[in-house]
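Could you have a look at this structure, given as structure tokens, before my questions?
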Amino acid sequence: MASTRTHDTRHDPRPSPDRPVLEVLDLHTYLFTRWGTTRAVDGVSFQLHAGEMLGIVGESGCGKSMLALSLVRLTPEPAARILGGQVLLEGTDLLSLPESRMRKLRGREISMILQDPHQSLNPVFSIGNQMEEAARVHERDVSRPEARRRAVELLKTVHVPAPERRLASYPHELSGGMKQRVVGAMAMTYRPKVLIADEPTTALDVTIQAQYLKLLRELKEQTGVAIILITHDFGVIAEACDRVAVMYAGRIVEQGPVRDIFDRPRHPYTRALLASRPRRDVAMERLAVIEGQPPSLTDLPLGCRFAPRCPYAVDRCREQYPDPYQVSPAHTAWCWRSEEQPWAPR
Amino acid sequence: MARYIVINVIRGILTLIAVSIIVFALARLTGNPLDVLAPVDMGPEDQAALAAKWGLDEPLAQQYLTFLGNALHGDFGPSFKFPDETAGSVIAERLPVSLQLGFVALVLTVLVGVPLGILSAVRRNSWLDRTAKGIALFGQSVPEFWLAIMLIWVFAVNLGWVPTSGQAGWTSILLPSLVMATFGIAALLRLFRSSMLDTLGTEYVKLARLKGLPKRQVIWKHALKPGAIPPLTFFGRIAVRLLTGATVVEIVFSWPGVGLLAFEAANARDFPVVQALALFTSAAIVVMNLVVDVLYAYLDPRVRLGQRVVS
Amino acid sequence: MRRPRTAPPPPDAGLSELDAGSSRDAPAGPAARAPRWPRPGLRRLVRRWPWLPILIILFVLVIPALFAPLLSPYDPLRGTLADRLLPPAWLDGGTWSHPLGTDKQGRDILTRVIYGARISLIVSSAAILIGAVLGSTLGLLAGYFGGAVDRVVSWLVDTFMSLPIVLLALVVVAVIGPSFVTIITIISVTIWSSFARQVRGETLSVRESDYVARSRVAGASAARILLRHVLPNVTNTLIVLATLQVGVVILEESSLSFIGAGIPRPQPSWGVMVAEGRDQITTAWWLTFFPGLAILVVVLSLNLLGDWLRDFLDPKLRQQE
């Protein structure tokens, strides 16, 4: 499918809800190892519009990182394989492209920020070297001074103080927050359509986290980039995202606007996640904990995957995977009992 | 950085002193040089005179200090075996021969070991990788002297492609350098493979690919530079070993270098030569270690610049 | 620190073996034909052991070393001159009563190779025992106490690694003659430093760990901590190192014996045998071929075993080898 761009959304910061920038359809990524087959991403679909920040939230091991890597086709070879589905970036299916064309899109149309800022930058090259390299990847004849200039500009957009001097620094001389900003700047070099942020604040101090999320929001508003924010922390979602998709055991179990999900969660897992946040406004004696463990991705149960831990599960839940229930036009939940209100515990 | 260098230089000097004491002690305590120098039928007065001439009647400690003092001036005394030559000149004469051999072996080691190691990491579990691992295993397990003899038997005796021993024409350097390179290739290959596998698995290499860099650049720039640093130390050790003469190989090939000299001098109890050789070899190792340490520090910005953090 | 082994590994562990996975699979249903491995149990361990290297080590090194007199009717040191320089049995002039031929004194080569295994085993065991005990002790002390102790030990390690071993061995032997004790001492002196270095490194990292910190807070003495916490953790790498060092020692001993600075003739050290056969290489190649082959095969197996042990004991850290 050829890309059908009628007008350039790159510099148009207005979100356009009718035409998604990224559409993921029924994506499957499995890992084949001697311990078994891990179904890391097992039928994930969602849409992302320009200027929107979509949060993907879930516990460790639910497949979120593998999902991110699948979108850019950098899953660990040879163990991981993307087995099915489509990833449509403005209409072009990324999964069907030859690697040489995919490489040209990475960093330019779709880019990514990794979780640990201390590991993301090459320790033996200076910041300037790595940023200038980013500025020259997709355009062969950019001169050194020009690349430098762009690097300085980019550092300014992410609010790195004294950017000219920072170019000569080495990664180990910068703090975590600063490094993560540099990584963000590199990712935005070509003003990509989609930016994937894989747990960008997890390794940062709490005080720095809020600043960083604010930075992401700014980038979104200024350039119209669509951001996928992956996290395990609902607080981060509340802080920064427009929409959220809750992921469990390789699948999305609920998705919708952030407000809706927070006010009226329709999946027991979402409810449990929300309830387990430590809160100041509500008196809590103990942190609520979700009993049990997520299922092993090599050995998934038939039926709803959350059923073994779900306080509201009934027989049907264990026998048959739930169909999607449309709570409202933008809000979907995959639970047999989402229509019921209020829920009676089992 | 300067402090680092100074400390290491001091340690190196201490090492050299220690080595010289050990060698001196071993040489003197295990036998009296007089037995070597004096003809069997020499009478006691003549023996005493001889002893006085060589300073062998002084207490051991004194003898050592004399030796050390002279050594610092580059005078290692006359060779016992070739009295008209000094130990220093005997060594100097044979050194270039070893250096030739060592240099060729070193070049071979690097040319084969490094690319194979890198490629075997990049193409993990391919046939190339498996072959490389096999070569590495073989190189680490084969006894050098036996390999040398077998190669001579096949290529020199049976096929006649190269001379059987000694320095005779340019082909004569092929077999000995090959044998010497075997262990080095094996070790360097493994080190590079291991180090590259480490770097190829890092997050920053992943990020480099995320930036859209072509795979080749990711490997040869981002993975190689940090990946080449750990093998460097070992490379220094190999280099020294190759350049200071591998005794066993020189013996098998009758290659007239300092390795063979060591054998001859020890058998002839030519102590000045032995001591000089020991000092020379140790000095080479110490200097090489120092160079490698400094290089390591220079290449890794984390060591070079220290740990000041800006936030 | 020793992490407990749980199944399965994190997704990007870089595992090389692919399952018989099908592409374009229908997602629903239980996992496709994945072999169901039990938890690391006996069956799996037995399948994964490197049997070939182990057998080779057993049959070429250990059994001959232990049972030499039972395995051969011949005397390794005395032969019958009438039977000198017989080629191996499958060649013209050979006989099956001397399967690998005889040397110029009529001694049976196979017998000498068998007794040579005994020498290799004795020398390597003794040298490694001494070197490991000495080296580990110093390494432990250096790693645990740090400071001046560490500086001194590190300097000692560097110094001993700069010693020209071959030269020193030649000197000593030129004066007092070769012997078992001499060679064992010389080799111990050269290998203790590898143990010291390794153990020091491990000790350093264990020292920083939480459980050691807890012990110190609880008031445990240094000796207690060293014995209870550090040593068990260090044992794994020690085993691997010792295994690999057996090969190194065999190579060193045979090299030194070859040049006359190791085991004295006429003892059938494999190195000595190669030296003795060297001048007859054109007429009697089997004199040098078989002992050297024995060395190659044994050291190769030891290296394979050592590598496997390293993977087995520390799979997460050493997966690349």
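Each chain carries a letter (A, B and C) given by its place in the written order, and its residues are counted from 1.
We take it that a contact is a pair of C-beta atoms (placed from the backbone, for glycine too) under 8 Å apart; a residue touches a chain by one contact, two chains touch by 3 or more.
Fair warning: this is a prediction, and the values are worked out from it, not measured in the lab.
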### Task
Could you say which chain's mean Cα position falls nearest to the mean Cα position of the entire protein shown?
C
### Query
More contacting C-beta pairs: B-C or A-B?
B-C
### Query
Measuring from the mean C-alpha position of subunit A to the mean C-alpha position of subunit C, what distance in angstrom results?
50
### Approximate Å spacing (C-alpha centroids) for the pair subunit A, subunit B
54
## Note on the structure
Taking each chain's mean CA coordinate, subunit B and subunit C are separated, in whole Å, by 23
#### Entry: subunit B: positions in contact with at least two other chains
none
### Query
What positions in subunit C touch 2 or more of the other chains?
14, 16
### Task
Would you pull the subunit C residues touching subunit B in the complex into a rising list?
14, 16, 155, 158-159, 161-164, 166-168, 170-176, 247, 251, 254-255, 258-259, 271, 274, 278, 281-282, 285, 288-289, 291-292, 295-296, 299-300, 302-304, 320-321
### Summary
Touching subunit B in the complex, subunit A uses residues 72, 74, 103-108, 111-112, 114, 116, 119-126, 133-134, 137-138, 166, 169-170, 172-175, 177-178, 183, 186-187, 189
### Message
Taking the touch rule as given, give the residues of subunit B at its contact with subunit A in the complex, in rising order.
### Response
202-215, 222, 225-226, 229, 299-302, 305, 307-311
### Summary
Touching subunit C in the complex, subunit B uses residues 11, 14-15, 18-19, 22-23, 26-27, 30-31, 121, 124-125, 137-138, 140-147, 149-150, 152-153, 157, 190, 193-194, 197-198, 201, 244, 247-248, 251, 262-263, 266-267, 269, 274, 277-278, 281-282, 285-286, 289
